[in-house]
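For reference, the structure discussed in these notes is given below.
Chain lettering (A, B, C and D) follows the sequence in which the chains are written, and residue indices restart at 1 in each chain.
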Amino acid sequence: MRLVIPLMITFVAGMIMILQFFVPATQSMGESLQEWYMIVASAAIFLGAVNLIQVHTHKIRFKLKNWKYSPVTIIGFSVMILTGLFLGIEPGRPFDYMFSQMMVPMGATMFSLLAFFVASAAFRAFRASNWRATLLLVSAFVVMLGRVPIGTMIWDRIPLISEWIMQVPNLAGQRAVMIGAAMGMVATSLRMIFGIERSYLGGAD
Amino acid sequence: MATFLEKLGNIDRRIIFIMMALAVIIPLSIRMSLPIPIGEGPSKDMYDAVEALPSGSRVLLSFDYDPSTMPELQPMAIALVQHLMTKDIKIVSMALWPMGVSLGNEALIAVSDSLGREEYVDWVNLGYKTGGGVLIVRLGSDIKSVFPVDYDGNPVDDMPVMDGVNKLGDFEMIISLSAGDPGVPAWVMMAGDRYNIPIGGGCTAVSAPQFYPYLSTGQMIGLLGGLKGAADYETMVRIGVENAPAGTATPGMAAQSVAHLVIMIFIILGNISYLAGKKKKGRVK
Amino acid sequence: MNWTVLGIWLGALLSLSLYSFLYRDNPFYKFAEHLFVGMSAGYWVIYTIKNVLIPNWWDNLVPAEGGMQPIWLIPGFLGLFMILRVVPKLSGLSRMSLSLIVGTGAGLSMTAMLQTNALAQVNGTIIALGQGGGWFDWVSNIIIVTGVVCGLVYFFFSKAHTGIVGRTANVGITILMVAFGASFGYTVMARISLLIGQTQFMLFEWLPTMGIHL
Amino acid sequence: MRKILFVLPLLIFTGVLFAQSSGITSDENGDCFIQSLTAEDARNDAGGNIDIKWMVATDAVIPDSMILERFDSGGVWSPISTILPANGRKTDANLENGQEYSYRIVPFYGGVAETASETAAAIPGKQWIHTGRIGMLVILTLISLAVFYYIEQGKRGKDLYIRRIAGLTAVEDAVGRATEMGRPVLYIPGIMDMDDIQTIASMVILSRVAMKTAEYGSSLLVPTCRSVVMSVAQETVKESYLQMGRPDAFHKESINYITDDQFGYAAGVDGIMVRQKPAAIFMLGTFYAESLILAETGRSVGAIQIAGTAMPSQIPFFIAACDYTLIGEELFAASAYLSKEPKLLGSLRGQDVAKLFFMIVIVLGVLSATIGEAWEPATKVADFLKTITRVE
């Protein structure tokens, strides 16, 4: 019984979103629902914030492994919150300064770690262990070559071949994955909306 | 030998990391320039079109981008300005994007100083005005009423570079370095199609494919796409020029090439070691 | 030392600390990681308050022109229910908020996925095999169509991959492998560009602050 | 074919709707720069919009600017927009449904207004069916019917087969190995929020994995990138432990929020990996660029890695760095495979039927289009199939 109201809400919300796609006259209803949804989902961020603080104060209190770094997290969090709330978030304020001078470079650095990981993953995984793996290896190799001038120096057709791989086999493969996955998503959504799948609500009734 | 090869297949990934880091750091710090083969293509078309302009011609250069796309577009700006100034072509510059003015100015001043060109005589930066496509239409009938003063507030009427420049039709070419809207499409539709002025441009690698139709219809005379386009242009500009100042696109492209090469060498080594190991296993059996 | 230089130093030192992870876990990485997690969590809280909750909720609930729109109390309460999970007795209320999120998300992505990931792709695959003219276009088009169809057969779950189904699925997985290889290779350049960008920052912005000009 | 016959009446209906769209066009005007001006109710909207289109003369003197004006209830022409002196279109929004609005364009030469164009008028209204989406509605209905039909079949006890999925047979081994080694199991549910279907699918799999960890008694860590996902994961895992009769072994603290930031999250999870050294890592859900940052770090600590995502761009990286990868739809089949629940198996069978339908559409379409190049009438079938799969 405790699940009846939640399941009804899921059903109504899901149906409104489907309806507004096919019935233009109900678009405004769908738009308001999306707005509500955004507000509810955003409010949850406080839950995460509370959890973060709890986890780290817990670590400090019980002197768990690496607890000495937990104050760093708490201070970083608090400083962003306090400067953001009291000193404004406009360009030139401390909040924006810390965002652009500290968070942005850290994000860019984490992102650029990929250059290293792409290399090590390619080294380890691209082995001609069977003919299918060889095919994967060759297509990766050719496309990689086709993107830089050396490819042209080796053979001026390489960029063309690389382009062809992208436009033909790659396109076909991507499409098959996308169509299949879309079917999985449609069926999962249907099960959600019609209450067949309800484990996200904490399982059984 | 076989044991060495087998070990090679399991080398510590930190060795790969070091090689990758070096592959990027060295080409950038020594400003390495790998030869970039320039085949037929939009970059070459762009270069040829500028090359074909007689000295003393006038070109409008519009900086329609902002710092977020600077890594790709700024090297183009520098290379283009270099090419135009070495050919004694007068540059009138402006921007459809507010942040583009100062970025363009950096390029103009740097190149002009290195080549000994003079502001207001050989080039001028008119600055930014809002309006996009509508602004271009107004420039079509009267530039000096839209930009009575330049970026620094000096009246344009007194400037030698603006002699005989009254409307867009007085330019031999318009070049837009464009990061989005307003940019190349606005120039093509409002200036190129209307006043029959050749339009060239540069854009990010991501947006290049959407401009290819303009090239095939001849609405654009050439296009530099992304870092590759910038590196192409830098290379062509430097051909036959002594002590040409180094650009940033060519080393960037060189670093790309070297890094790609390093990854590919590792893949090959991995496979040699793998095959050697397999052969050995076969023999034991 | 002015604010700009300080910013460059902060960025550079934090970046180096994070890069040190490539060697192995160490105090510098631990410090930077904990700082990054804390700051970014704080950033997103502020971002959410200032860019979602105030403009999309508060400004609608209490419009500037005066009066109150009680309808906006509903999302307000649902949002509150979500937060009330911290009180164990009231945590059941959050199910309603969760239902709204899941229902809206399911309805929205179902139509979007069917439209762009299924129908648009099917539509794009309906081509005349001779489209383009030359023999090479024939080959390419045949590969595209067989690739999509065989790829879909690979995703059949209710048939064992044996016999004709198995052989078709094998063709499918082969095309998928070529596609994955290509897509891997294509991304390498973009990833290296990121590293080049960071390296340029270090070499040409950070080093000059110490008087080192390359 | 029966399905296609079913679609036909709807298509005819579409045609009728198209014919209804009305609008008044101004006449050709020889003197004016503006050659024609049309206004009509914007199609497929909730009302309040009028589409205005105009064509200009190619040989006349080009004006400096033009102003589009609307005839207001007050009885005056008021400007609504400055437009470029070229062919163009504009949508006038925020109008009242059911009321007629008139428009005209005034060209300006050197700041002086010249003769305005003829006027055009239209009445905005809302539509009850999106004419560009009828084909999709029909297809969605068919897919839904197939899914529900087979779910019903499953519930009734019909034996439904499911093929082997390599990555999923490994789940048990992975959890078992973690137990033996006395190391935790790390479950990463992607970086998107609960509204993402992949995250939902991931939560369903999490409940199965949690049952295994409860059974084997190994610890389970779930760091999340979103607060809502954290809440749902806590509920899900708690429920699984309850069902396995091990509520005592459930630790809420091991399911925690890191940060909403993509790379902040990657940094945090990397830290967890190198410090907790999990023996098994699951990465199931929506992943973007962080996929390889996580997978390579996981690899370096020697964990068995089982990944799965429907993001085509990230699958290659998982294949390269993980032991098992669920490709695309396999992620959605996982819950059915692990639970063998009849209704889920039924839903899977429904998905297969839907795929079969698309395959038939593609093959039929390609064949008819190809034949159509030699024998014109065959293209009609291809055109028809293209129409029903086209969505505006």
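Criterion: contacts are C-beta pairs under 8 Å (C-beta built on N, C-alpha and C of every residue); 3 or more make two chains touch, one makes a residue touch a chain.
Predicted model only: the values in this text are computed from it and were never measured.
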Centroid-based (C-alpha) most distant chain relative to chain A: B
Between B-C and C-D, which chain pair shares more contacting C-beta pairs? C-D
Where the centre of all protein Cα atoms falls, which chain's Cα centre is nearest to that point? C
Rounded to a whole Å, what is the gap between the Cα centroids of chain B and chain C? 29
Measuring centre to centre with CA averages, how many angstrom lie between chain C and chain D? 14
Averaged over CA atoms, how far is the centre of chain B from the centre of chain D? Could you give it in whole Å? 36
If you average the CA atoms of chain A and of chain B, how many Å lie between those two points? 32
Which chain D residues sit where two or more other chains touch them? 136, 140, 143, 193-195, 197, 200, 228, 231-232, 257-261, 263-264, 267, 275, 312, 315, 317, 319-320, 327-329, 333, 348, 351, 355, 358
Please set out, as single numbers or ranges, the residues of chain C touching at least two other chains. 18, 21-22, 30, 32-34, 36-41, 43-44, 82, 85, 98, 101-102, 104-106, 108-111, 113-114, 118, 122, 125, 145, 148, 152, 155, 176, 180-181, 183-184, 187-189, 192, 195, 197
Of all the residues in chain B, which ones touch at least 2 other chains? 13, 17, 20, 24, 256, 259-260, 263
Hey, which residues of chain D end up touching chain A in the complex? 44-47, 126-130, 133, 136-137, 140, 143-144, 147-148, 151, 193-195, 197-198, 200-201, 203-204, 207, 224, 226-228, 230-232, 235-236, 238-240, 242-243, 253, 256-264, 266-267, 275, 289-290, 292-293, 295-296, 310, 312, 315, 317, 319-321, 327-329, 331-333, 343-344, 347-348, 350-351, 354-355, 358
If you look only at chain B, which of its residues touch chain D in the complex? 13, 133-134, 137-138, 141, 189-190, 194
Chain C partner, complex, touching residues on chain D are 135-136, 139-140, 143, 160-163, 165, 193-197, 200, 228, 231-232, 257-261, 263-265, 267-268, 270-271, 274-275, 312-313, 315-317, 319-320, 327-330, 333, 336, 348-349, 351-352, 355, 358-359, 361-363, 365-366, 369-370, 372-373, 382, 385-386, 389-391
Spell out the part of chain B that touches chain C in their complex, as residue ranges. 14, 17, 20, 24-25, 28-29, 31, 71, 227, 248, 252, 255-256, 259-260, 263
Chain D touches which residues of chain C in the complex? 18, 21, 24-25, 29-30, 32-34, 36-41, 43-44, 82, 85, 94, 98, 101-102, 104-106, 108-111, 113-115, 118-120, 122-123, 125-131, 145, 148-149, 152-153, 155-161, 176, 180-181, 183-184, 187
